[in-house]
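Comments concern the structure below.
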């Protein structure tokens, strides 16, 4: 399997809950960070898009938690994009470092709104021309 | 459709991100709160379970975001439980108040660990005897 | 000591960190919630203020943590306001329930911006006329 | 002024609230991260300390917010330590990059507990021998 982008991170102690492992919600934060970093690598700024009336919103996520991360763990999130109609489907594979074991997998479906209305998603093709070609 | 439990909440301003709506990750916090409140209504304490070596962990979530909540919005999360092998499958329907429109739906699969090892999930039958019968 | 407002809350399990108690940062969230609820009780909407170009920002906080809250703990935050020049000085006393023991005390200094520029803070007198008289 | 440690970070979009800037509570997360990184650089693991019954807790924070960070902003947190009785007093200066402007300053007082009881803080001298000498 070929990925389009990867971003390395480190689990923070405050992201863990009383169970001593990263709380399930914080993975969605990690995945969002990896997508925004990918946008930045494409010289697209999430905040500047907003000023043009364009909002990218998560329409669906499907997350499978295989092993729990602990505070201090290093990991890498690897992304693979696909276009499905109006939606950008992003697979996020989270591998723990070192060792590269798959800890979490998330498939997120992203939509683009213009002034609050759903678009046909052509903006995704424009931004990710190389990946979606 | 019949629900087994419901819990009312209010979106907090700090749970919104720069897009002005509740960030996608925070819904997982809301759903967790509703499950823990359900446990409490059953006189089961999430923290005391931990002290007995029992951990309930989220193994999978599938969330569909239909409409975005804004800061100050009131909503109710309605839960329906089902047992599937070792897993407790929890449907969470988030309806905005007033009006009762379905804003978000989440199906979460929960597993129970005893001293770090996966159990057969019979503890779910013990806790939710009435609902899973 | 007389308070101007109080708001009751319950600590959520995800707000605890691996130390098993509420993480120090989350208290600032609690205090913000209590202030926004006070504004709402005055029929002032934090989000609508923003649309008029008015932002209330925290300029300083001084928090003393005496006892740590655990997940599930109920508590009440009691507020007392004072005007000091351009700043609204808000004392927040967090008492655990039942028992009313003082767990945390925060003094926050709030400023009001209009279109990004510091105001003289007269808007505070308008909103909290009864309390600041 | 001489600092004892520094740690570079980047503000994440989800850490901003509806005001479009980093929420005031998240700075406490940043400061905690910088302290835990400093511990790690000393080969002291926050989680392993816990297993030995030692907890470091925040007893007080005093934060002055001068300018607000936006999502995507890079910054460095610079730490300076001082021992005052049982407490470790940590000054955190947050400078935005590039430009090095001081955005936020926090003075935090940290205590060490052993099996839940306050210690005299000699553990701080042991860990930060070079800095506190």
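Observations, loosely collected:
Letters A, B, C and D name the chains as they come in the text, with residue numbers starting at 1 for each one.
By definition in this document, a residue touches a chain if its C-beta (ideal position, glycine included) is under 8 Å from a C-beta of that chain, and two chains touch if they have at least 3 such contacts.
Worth saying up front: this structure is predicted, and the values here are computed from it rather than measured.
The rotation that brings the Cα trace of subunit C onto that of subunit D spans 180°, given to the nearest 5. Counting C-beta pairs in contact across B-D and across B-C shows that the higher total falls to B-C.
In terms of their C-alpha centroids, the spacing between subunit A and subunit B amounts to 23 Å. With centres set at the average Cα position, the gap from subunit B to subunit D is 33 Å.
Remark: subunit B and subunit C have CA centroids separated by 28 Å (rounded to whole angstrom). Multi-chain contact residues of subunit C, defined as those touching 2 or more other chains: 13-14, 18, 20, 23, 25, 29, 32, 47, 71.
The residues of subunit C lying in touch with subunit A in their complex are 13-14, 16-18, 20, 23, 25, 71. Those residues of subunit C lying in contact with subunit B across their complex are 12-14, 20, 29, 32-33, 36, 40, 45-47, 70-72.
By the touch criterion given at the top, residues 18-19, 23-29, 32, 47, 50, 55, 57-65, 68 of subunit B touch subunit A in their complex.
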